[in-house]
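Look for chain A in each of the two complexes below; its partner is chain B in the first and chain C in the second.
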Partner chain A sequence: MTAVIATNQTILVVGGGISGITAALEAAECGKQVVLIEKNPSLGGRVSQLYKYFPKLCFPTCGLEINLRRIKANRNIHLLTQAEVEQVSGVPGDLSVTIRLRPRYVTEACTACGDCAKAVIAEFDDEFNYGRKRRKGAYLPFNLAYPQRYVMDARMIGTDDAKAAQAACKANAIDLDMQEEVITLKVGAVIWATGWKPYDAAKIQPYGYDRFQNVITSVEFERMLDPFGPTNGQIRRPSDGAVPKNVAFIQCAGSRDRNHLQHCSRVCCMATLKQTTYVREQLGDAARSSVYYIDIRAIDRIDDFHRRVKEDANVTFIKSKVASITKDGATGDVFLHGNDLEKPGVGSDMRYKNRHDLVVLAVGMEPSVSAAWLPTNPHGFLEGNPSTGIFGAGVSSEALDVNRAVQNATAAALRAIQVVNRVAGVEG
Partner chain B sequence: MSNPNQTIPGQYRGNFLREVEANVEEGEWVKMCMQCGVCAGSCPLGPYWDYPPQQIFMMIRAGKREEVLSSTSMWMCTSCYNCMVRCPRELPITHIMHGLATYAKRIGKAPQTPITPRFAQKFWDNLTVTGRVNELKLGLALYFINGIGEGIQTAMKMQDIGLGMLKTKRMSPFEILGGHGIKDKAGFRAMLKKAEEIELAKIAKNQVAGV
Partner chain C sequence: MADIIKIGAYLCKGCGLGERLNIGALENAAKRAGKASVVRSHGFLCNQEGVELIKADIEKEGVTRVVIAACSRRAKTEAFRFDEVAVSRANLREGVIWIRPDTKEAKETTQEMAEDYVRMACAEVRRMTLPTANPKAALNRRILVVGGGISGMTAALEASQAGYGVTIVEKTDRLGGWAGRLYKRVADRYPFADPADTGVADMVKAIQSDAKITVHLNALVSRTSGAPGRFEVEITSGGAATNETFGSIIQASGFTRYDLANLPEMGGGTLKDVVDQAGLEELALAAAGGPIKRPSDGREVRSVIFVQCAGQRSEKPGHLPYCSGFCCTTSIKQAMYFKDRNPEIDTVVLFSDLRTPGAGGEDFYRNGQRKGVTFAKGSVRAVVQGEAGPVVQFQDEILNDSVSMPVDLVVLATGQVANAGVNIENAPESAESVQKVSILNLTYRQGPDVPQLKHGFSDSHFICFPYETRRTGIYTAGPVRRPMDIAQAMEDATGATLKAIQTLENAGLGRAAHPRVGDLSFPTFRREGCTQCKRCTVECPFGAIDEDEQRYPQFNEARCRRCGTCMGACPVRVISFENYSVETVGQQVKSLEIPDEFSGKPRVLIFACENDAYPALDMAAQNRLEYSAYVRVIPVRCLGSVNTIWLNDALNNGYDGVMLMGCQKGENYQCHFVKGSEMAYYRMSKIGDTLKGMNLDTERVTTYEVAITDIHRIPKLINDYIAMIEKIGPSPFKGF
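What follows is the complex of A and B.
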């Protein structure tokens, strides 16, 4: 099924998030042959799961759509979804890459009409909404998904449900006999842009993410604002669906902590500041936001944003790393315990026990660099080493916001271009 | 020996952080604190401290020698280790608190209230006689720590518990005559003497270095 022509002048980009898309486009628009592979059924990555970007508060769907159009228009990019690298061997300019392709069970004939989803009964946790919503076994990952083709959940194969989906497909696009494949590509350079995953909040034991329904993560809060998300775009607390009046944001949840992620994830402060504007925008004066922080790291230009949020009388900043969270059984509210370091006086003056009805943990970015054979630094980020011919791009190489990830990916594309230019003999 | 509180600060040119680093167990960690306050918020006795741990660390860096050493704060520590397991920089906070308390006591700065420093001394004196804690004597020493009047009052208040312990053989009245102990008392004393020598040598070395 998969005929991919690649030579040692081809650049392989691993990961179809904003960094991988950028690196692939920059290289392809310079005339290089690019194979772009993505683990999930669609491009877009974490950026597609955001409601708004900081600091301009525009919608990521906009920039993503432009990039997808650039990909569609470019003949130099060959896209493989549901693909993962197994092994890379060789030297820069002559690399051999083994790739495992998982079957989609839906061919390119798919028109994305959605009849298969209607025919299917089985439902699964929706990964795109971090399991906060259910989706059908035959599904489009999200509205802007690219390729715009449905996917059959592999757990459904062999059931009557799968056959019902196949029967419902007017385009005859469902092939239940598709098999997993392992292919080997010859490439000149590899750009590794596998990005990040939100740190597992359940590991921060005192915060009780796994025990208290109204303690959620920042990425889940982001999904809540999506009109197609778990609450249809409404800010609601999970326990009873009530509108929260007193939201707490806890910074450095899993970052800057030797018990968890040692690095500063860099985006969480700005993400929280941004999320306080969601609360302000949707709930107005009916809700307050409290930000518990060690120090706000709104770097360089975006400090303006920080100052603007500070002017909002409904947003309170409390300099304190929250020590623990306990539950108020009757109401579903929670209490945050800690010491407010800016309160003058002795220990008892600083101590607080604050009631909140929704807590958002600003979780850190954990690099998704899992392959043991990749060189990583002690924090798990990819360690750049030109002698391998593998170049890190975006958050797989360090914690970055979207803006910096795009810059970083462009730089990685240039390094990869230099390798294939050497192979072609046009650069010394 | 002259008054250490006059000579020591001079050795460190008034730099209290360096004094702590040189003399307090695990004191070299104090500079690593990033002032997040999770230790203070996690302490079960936090509301009773004058200065929570992260404030003590900042005061050390700010050179507040008198306030820190004469503070009751580190004497409030119950060694529950909540702060230590939560500290994002893995500072051995519990150990630093004990180190500060030990140092304050050594140079005569430990406060008279709460009774913790005095009780700690009584515990030590009790333990070193036979190598085992004599609970009867230690209990009585605690009752009478603030004088005979309060001692009798406390003893009266606790008599039911005391009699209960006697009845269930949790406490022997004969302990008052000297009590049980370890077999090799001479070896035990030699060990303590050696430990003291090592400790004194360490202190002397610090004083010579005077960094």
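What follows is the complex of A and C.
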């Protein structure tokens, strides 16, 4: 049984991405008891799948490492992975939370030596690479995965492969009989930091994500740049592995759109500007980037990044909502169709049909706030309400970039502390 | 107990260590060279039985120093945490067997590597002591908030809600700041449809009735000294000064409106019916819900044009190079002032990129469209006086048309200029840095205000750690940090309040602040050896060290982030931490057996930043990437903490080379201690002369910028370096 000590002065943080990690650490470093739960087998969330951050073009794993060090050094944080909240009831300062824990089939005795992965044959689509790579049935989700323990894919259970993994483990860390558990915790406040998922590009029918191999999403493009990703860090188009020469970035793919997400996802413009620097850095003058946009939202002091990219002669900006994408026979190339609003003339004069060999859809952020009992606005974002004792943090509360998500999560930590301090009767 | 040194060395045989290494020989290394009193090996040291074994020795055998010779110090941290003793980790797994081939030929050099790491860990732990926490720790649960605008008021109320006392120092005669001079604010709740009450009056009332909050109006901070937990602040009001002490400080000094007179081509400062957004708020407040009238003749405004990015996002002299972020939604809100009252009034928003992010921003924009506000993409050439009012001449970039539009009123959406005080780094005066008066009047050695980052804002450089300014315990919040709207300023202030509370609580316990929160070590110096050269006070990235009356360094431990840059700077090596010192590293350097020049086995020392380079090496090992067995890696807190004596010692002891691996420096620095890697580069740039003096090739000391993602690159750097060393030949200092 999983034993967790929690009281009505404990803060529960739901979600172990950058926002949840931040909220948990900031509260714990104030001396508060924190239970941090994450649905996946390791911490890091979406940011761990990014190649670089804008505007500094630094690496997300750098900050993640610092945060993991903080977690390792802090006794106030109790981490549960493969855990999801089923229900929260009660009042602020006295909440009861039901949590479902899926089995990892690997115990804390695991040393992450990797012998189990070597022993198994079965492979599955790798979630960390959005299914564009395969991974073993016993696996470490990514290099910096924490807890640094392997995971046994649940689909392995009952197979000889799983038994082979168990036999290979010298640390006796594989327990194939591990069962799902449901636990109930008493906590004082909850920080909801369940983040987002990339909008399902297949739903944007005219863009043909499900039909054209060389139409990919922005999050998949990030994975392509990782030396440990599906293409070993090389920018390649999926159809034939060729180096693209003419890359299109389509903004607001599924955002600011009545048929899809109505909201602006805020990060996609900067993310695309950043991704044009990937093209520039790796392919130099051999490739061009074209950005199809409605408005470039490089907000506040990071607007200089936008200016810098505009100075690159290989990057073109076209003010246009792309209407549709069609395929060019067998070449793997595609045509983008639409109206260039800044092209001289009216009506049909503005129309274009542009050939590209790789298209990156800047897909929007869809909030991952699925539980029906959570108070959300019609966009699906959590509506803050102190009377519930549940405080949103990060993208579960609004479309935010990393910097703002961290600020927001830090603020959420204070709101939770206010509740537990009231319970404890702390006076300054 | 702390004085008794009894080393217990524990060798793990798990994860292949037992098969790949001669454990008996490692035990001997620990016993003989390492002088460990207790030496044990175990099949899986990290399992419960292994950990119990160590615990039992601490309790029953009186072991006071523990060496874990197993995996990386980054692995199995929960298992190998022994609070009551100093612990050192010899990295035999990621550092040795995982990066070496399992071949007969490699066996000897692999074993040498492992034995050296055991010796090094023993040498290190011998000089480590358990940190005892800052003896000058002080707990003060009161927070100073500088600025009584929306950010400062939010900070005060949030801190009070958490149980902390607050003093607000506001320079004007009332609370509220710019938000208090608005007619309404942008909607912040679904359905994000209409301008909303600012809420300022309610906040002022809440502050006035809150016993935990004291407000000084018409007041300035005239002097700030001390450190987190014990800030001493002089507050001056009407010529009288009072002194108060605080645990931490929130600087919410806000912004100044951009001077319209900088935009004469748009009629700014020349035409009466050209106002900025603040000017429109004044007109709306004066109208009090009635028709808004224009300034020149008091006639009701029937047509208004909002010019976005006025004097912003522009490199022209006198303009602001950045986007202020709030102005697009503000113009939509102001257009609604007109439309909500009378839909017949023409309202045009002229923009280049309309920036209404998020769910709230986009809904508010759509509601503006629904109310009939016209949005046009265009750039203004000039605003001139026409017969009946101003005429806006602009290029419509959608219709590709040159337009002259006569209107009753023009609103220029100008930006925010930060009130960040004095730019202590004397960067060239930029147009936007109008504020020259200090906000905090810090008595710090490194200047009276918080360092500025860019465009006069005091923002943090870190994406992951937005609150980490370079003055510990002082957090900036609101538009002084980066341009922002009310909603964001309130979030920001709430976050800053958390950090202010956190710092003062940790200072009270004598513990470090970010990023080494919980670290109880702190720097001390040997006064009799100090030459008062001031390098430590100058080079500290956080301004933690002042000078006392006798010009000796005065450490303010609660300001210190424990990076060790002062230790690296000190030419006479008098600065140290209990568990990290010139000795703990220096003795590791000296503990190795250096093979002679005929052995064909060079030795290269690597100092690796523990935040980025070291994890990258670990991950290279995880992926079984190989690198030379001739290197010995010592993780350092920051490259800035590397003292050149370590290099001297290494070279004098016959090492053939030294590689330093730190984070990116310069404008987009990634050093977690801001200036650490930069200082290391600076110091190493001067080491060439020393090397020449020793008759050594300058390549024998090389500094590299590496990132945590350089998992393939670092092994290659190492192998290339070894190849280079083999080419230039062994160090002439071998065998002396």
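We adopt the following convention: the second predicted complex is superposed on the first by the 426 of 428 C-alpha atoms of A that agree within 3 Å, B and C clash if a C-alpha of one lies under 4 Å from a C-alpha of the other, contacts with A are read in each partner's own complex, and residues count from 1 in each chain.
What we mean here is this: a residue touches a chain if its C-beta (ideal position, glycine included) is under 8 Å from a C-beta of that chain, and two chains touch if they have at least 3 such contacts.
Since the structure is predicted, the reported quantities are computational estimates derived from the model, not experimental observations.
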Name the contact category of A:381: first (chain B only), second (chain C only), both, or neither. second
Considering only the touch criterion stated at the top, classify A:70 as touching first (chain B), second (chain C), both, or neither. second
Is A:182 in contact with chain B, with chain C, with both, or with neither (first, second, both, neither)? neither
Identify the partner contact of A:313: answer first if only chain B is touched, second if only chain C is, both if each is, neither if none is. neither
Which holds for A:256: it touches chain B only (first), chain C only (second), both, or neither? both
Classify the contacts of A:206 with the two partner chains as first (chain B alone), second (chain C alone), both, or neither. first
Quick one: is A:351 in contact with chain B, with chain C, with both, or with neither? Answer first, second, both or neither. first
Once the shared chain is lined up, is A:341 touching chain B (first), chain C (second), both, or neither of them? both
Could you say whether A:372 touches chain B, chain C, both of them, or neither, answering first, second, both or neither? neither
Please report the chain A residues shared by its interface with chain B and its interface with chain C. 256, 319, 341
In their complex, what parts of chain A are in touch with chain C? 18, 26, 29-31, 53, 56-67, 69-70, 72-74, 108-109, 111-114, 140, 143-144, 148, 170-171, 227-228, 256, 262-264, 266, 295-301, 303-304, 307, 319, 341-342, 344-345, 377-379, 381, 383, 398-400, 402-404, 406-411, 413-415, 417-418, 421-422, 426-428
Give the list of chain A residues in touch with chain B in this complex. 206, 252, 256-260, 294, 319-324, 337-341, 346-348, 350-351
In the complex, go through chain C and note every residue touching chain A. 14-16, 44, 46-47, 71, 74-78, 141-142, 158-159, 161-165, 189-190, 212, 313, 315, 321-325, 351, 353-363, 366, 377, 397-398, 400, 454-455, 457, 459, 461-467, 482-484, 488, 491-492, 494-495, 497-499, 501-502, 505-506, 514-515, 517-518, 611-612, 615, 619, 622-623, 663-664, 668, 670, 672, 707-709, 711-712
Residue set of chain B touching chain A in the complex reads 34-38, 40-42, 46-52, 54, 73, 85-86, 88-90
